[in-house]
Amino acid sequence: MIRESYLNALVLFLLLAVPVWATIIDEPFTITLATRAVIFALAAVGLNIALGLGGLVSLGHAVFFGIGGYAMGILAHHAQTYTPVMSLPFLIEGTKSMPVIWLVAMASSGLAAFAIGTLSLRTTGVYFIMITLAFGQMFYFFTISWPTYGGEDGLSVYVRNEFPGLNTLVPIHFFAICFIILCLVLLLNALIAKSPFGLALNAARQMPKRVQAVGLNPNRLKLLAFVISGVIAGLAGALFADLNRFVSPTMFSWQMSGEIMVFVILGGVGRLCGPVVGAVVFVMLEHFLGGLSEYWHVYLGALLLIVVLFARGGLVGLIVGRVDAHD
Amino acid sequence: MSIILIIEQVLNGLQFGVMLFLMAAGLTLIFGVMGLINLAHGSLYMIGAFAAAVIAGLTGSFILAIIAAMAAAAIVGALVEMVVIRKLYGSDHLDQVLATFALILIFSEGTRWAFGSFPLFLDIPNYLSGPVTLPGGIKYPLYRLILIGVGLFVAAGLGILISKTRIGIQIRAGENDREMIAALGVDISKLYTIIFALGAALAGLAGALVGAIQSVQVGMGEPVLILAFVVIVIGGIGSIKGALIGALLVGLTDTLGGIFLPELLKLFMDTSTAQTSGSALASMAIYILMGVVLIWRPTGLFGARA
Amino acid sequence: MHMIDPILATYNLKKSFGALTATDDVSIALFPGEIHAIIGPNGAGKSTLISQICGGIQPDSGRVELLGHNITQTNVSMRARAGIGRTFQVSALAMEDTVLQNVLLGALGGSGTPWHFFRPALKDWRLRDKAMTALIHVGLQAHAATRASELSHGQRRQLEVAVTLTLEPKVFVMDEPMAGLGAEGSKNLTELLDNLREKAPILLVEHDMDAVFKLADRISVLVYGHIIATGTVDEIRSSKVVREAYLGDGV
Amino acid sequence: MKVTSLIFFTALAMLANGVSAEGIKVGMITTLSGGGAGLGVDVRDGFMLAIAQSGRNDIEVVIEDDQRKPDIAVQLADKMIQSEKVDVMTGIIWSNLAMAVVPFSVAQGKFYLSPNAGPSALAGKGCHKNYFNVAWQNDNLHEAAGSYANSEGYVNSFILAPNYPAGQDALTGYKRMYSGKLAGEILTKLGQKDYAAEIAQIRASGADSVFFFLPGGMGISFLKQYANSGVDIPLMGPAFSFDQGILQAVGDAALGVVNTSQWNKDIDNPTNMAFVKTFQAKFGRLPSLYASQGFDTANLLISALETAHPDDADAFRAALEAAEFDSTRGSFAFGPNHHPIQNIYAREVIKEGDIYTNKIIGIALENHSDVYAPECSF
């Protein structure tokens, strides 16, 4: 058994070391895979704030991932075709600048999370799982049948968007951007977990009526957690779209929501780096098992079952044991 | 749009609804009694359809195929319950979601491993094919009428099973109070296996019946599964009556929405825009219905009040 | 009778569930410095009454006043902020959290806003002092770092009281605090509550008659949703109505 | 011993072809798992059959499964280009995946030979000199159905397709050639499996013909339900609902339905006859049009390699443009936008013994190109 903080440091170190090593030996594809893992991890860290801290089992987080993706797709599409996003009532131009795209992605997914959260938090338990799933399906079918931005075909962006001072087309540069964002979000997550808000949210998950009895509104705490979670997933979506230089409705599919949830549970719900471990392991399995057999989903399924049945607390829990009591 | 067409569409909606009910009934029973959320219910639907296709291919008998579908789904269901599901009753919904998601992966790819990537052949028998003429001169496929009949028959049967029989009393007791059935001296794990197998058999039946007019292929279960979840959430989880009403609502909304929404929009916009946005709206209609129901009644139409 | 205004009062509260009238025209008052016990047989409507006072259930008619303000239309958390500090019949604590974290939650609620995201709650000394004071008051300071789930039943009741203390409430509303406690635990908690009335008056719903007779300044007897008598311990002990309706003829 | 013989054969190949000793590497990204895997499997088998028949051991084919997910396809494309360093790419089945992969790949100087998807964006303004489509432009088969409807004298068609870009393109394609009126036009939900409502509308519409584009399981469902409904208005559709894999699952319900295709197993030329025979012998099933497209794609590639290596991009491109290979479709040539100019046939579903298959009943469009070609300039 080792302490969780050492494990977290080790995970992040490896996640950084592998692409650096890959750059040295000129294996750019390994960097691409690592970037994919980092972005998935980011989305999962987002979900973990709602799921691990707030106890909100959302089977619809693909909505925010997708909205982030489409924010990037739509802005970059208009920038590359030199058409305005809208001209009435005022002019909005497309853009290829990553920071601007991120802001738009986070704002729009945050707004969506606010709306969906407000409605969904009227329900609890299985109903909450199902209503978030239903919102996901709504967005999925909408994007498929709405022709303006490509419908099911999706949108291609031929060149990756720009970040001041870096050449985003160089794999290690783009990886660095994603990795730094992941570290910042993890830091934010750690701070939130220990903050007064995190304390209250954590209590709202375990015993909402106690939180009410001390004069706080548990649903408002959960709603904010849901919005923060959605904003992070949206940012991950924008990065994912930039990694692929492509967005499509599959980003909204319920399998995507399921996969984000798999990252979290595989790694360990409520653990700071659980989602990171989950995403990295998933991407590795996808790569290596996928190379072994066309039917690799069978093995993936079996592995997930084993984790659920025998490794409560996910992989992180398996390595470091149960959560320490703080202080 | 003629009255005949409207009646025909209502029948279509009903038929879709009762088939959804077969799926939803099992899901809602399993949730009501065992508190388990089972994403792998769609796999049992697929297993039913594949078993029916194989047996129909071997024997040529549709009746045997249907029986085989129910048996295969029930057996697989019982096995899954005993090997995996049983360990999940105490867990929270999160673990259940993940474990049954894993089961979907295993069943889907396993079936593809065994049967290949191409759809299987399963058709309705000659004596059930073709249309019949209903009063008012409506021509309607015989087989679809039979589906409506089978669905309503199963609904009635389940109603009687739950209200009148010994096992029904146990099921109701289990929904209300888990310790109570233990106190009644019922073997709980056996009861759970039976309920799971019953739900699975209904899913298998639906898979075979629907597979005969649709396509028998890997992945056929998941779209139906999601609709069935919408159904039980609208109806109220745990309620058979809710599942029936919810299924009919979803069936009618989906069928009629697809027809009438584009027609409605044509009143305001040009034909092709109306067609595109109408069908976009129609594909979201049932989810909008579900959202509205949950905002109005957060535990569904017939769900237990919190 | 009393020349001072009540801190908490209900006026003609009425609540029915279908044909069952759970609360029937209930008017009670809680004055500064007193412990007012509400007793009654099972099913008398005590829990429903508490819920109406704390905001979980809306009455069909009647009103609830705190310090002279009508709070009938407000919800649970608003009433908590207004000064109602309650404990639950079954301990409602964040079981995965430590004792200190549970009390901090109360301090957080009492301080008004939880909307701080970057400063660790455990390093907020103002909150922490408040929390530790409450823990010392109930005698749990040695267990600050213990998980709530590892506490004994009696300690959990003490912790409930401590959480409520951090709110600096105007009144305490306690739903059967003695339930499930052994003789020793009851004795400890009785002492604790006895001293608590200096901080704020207590509305005490309780089954444990020894504790009630020891603690209460006044007692109201609730039967079938109806207050049949209110008075001092001696008045209630000697009341004929109470003996007939509640204690039974044999006593 | 083995090494020596390899060197010997390579040397021989060098002499024979006059190209450099280094072989070429082909990256195939196609759908081998999940829904729609049947199409990818056929393209792969057809392609590899041609490679095997060529006897060339200097062509290395790296095959990867995209699971029909665009993001996986993009990731695999990155892998092919960055890690495998392939010269030529091919294999993608679906238009949306092609849109995700092709523009990026050709922009990096790779050649892409499409064995199936032909989205209009890549045929018109978005065309690229290194992108060749060996199958068809997406609209082609639908246009052929419209033309066939005219030749049959249909004047009141009911048309339906799923509500997604390829579906909307299908209806546009049909209407482009068809000159009659429309009795109705429906966009169904993608993935829909129950068509009772649509069939009722068809019955009520008074149409004299029905054109539908419903690929995969959707088409199976529609055909079975249509046959069972008692509606007997003649059906037409593109070959996608009538390929060899699907027909066996539809059964009698498909018999007699007319569909349009650029290929069929009874096209009478020696290449095709040999292809059908060897494919059946090797894989134990009849080839589908997807298999024929995979086979043709590989043969086009091999023919171009006879004259140039992809390292010499201009020469290799010229060799591809010449398209000097024996196609299973008989005459085959590329138009100015690198899309085929070819005959499109009307076929009818028949039963041969126990097997459901197609028979050519006529030519729907002769030497047909596509409408997007004029918009294309490299």
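The first chain written gets the first letter, and so on, giving A, B, C and D; residue counts start at 1 in each chain.
The rule is simple: a residue touches a chain if its C-beta (ideal position, glycine included) is under 8 Å from a C-beta of that chain, and two chains touch if they have at least 3 such contacts.
For clarity, every value in this text was computed on a predicted model and none was experimentally measured.
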Which of A-D and B-D has more C-beta pairs touching across its chains: B-D
Centre distance in Å when subunit B and subunit D are each reduced to the mean of their C-alpha atoms: 36
Inter-chain centre distance, subunit C versus subunit D - centres from mean C-alpha coordinates, in Å: 76
Centroid spacing, where centroids are CA-atom means, of subunit A and subunit C in whole angstrom: 44
Overlap residues in subunit D, where contacts from two or more other chains coincide: 33, 163, 168, 187, 189-190
Multi-partner residues of subunit B (at least 2 other chains): 109, 112, 276, 279-280, 283
All pairs of touching chains, each written as two labels joined by a dash: A-B, A-C, A-D, B-D
Contact set on subunit D toward subunit A in their complex: 32-33, 65, 69-71, 74-75, 78-79, 82-83, 95-96, 99-100, 103-104, 107, 119, 163-166, 168, 187, 189-190
List of subunit A residues in touch with subunit B within their complex: 51, 57, 59, 119, 122-127, 129-131, 133-135, 137-138, 141-142, 144-147, 254, 258, 261-262, 265, 269, 295-298, 300-305, 307-309, 312
Residue ranges of subunit D in contact with subunit B within the complex: 33-35, 37-38, 41, 163, 168, 185-191, 193-194, 196-197, 200-201, 203-204, 216-218, 220-221, 224-225, 227-230, 245-246, 248-253
Complex contact set, residues of subunit B against subunit D: 1-2, 4-5, 8-9, 12-13, 15-16, 109, 112, 116-121, 123-124, 129-131, 139, 141, 143-144, 210, 212-220, 223, 255, 258-259, 262, 271-272, 275-276, 279-280, 282-283
For the subunit A and subunit D complex, residues of the former touching the latter: 27-30, 32-33, 36, 141, 144-145, 147, 150-154, 156, 158, 171, 240, 244-246, 248, 250-251, 290, 294-297
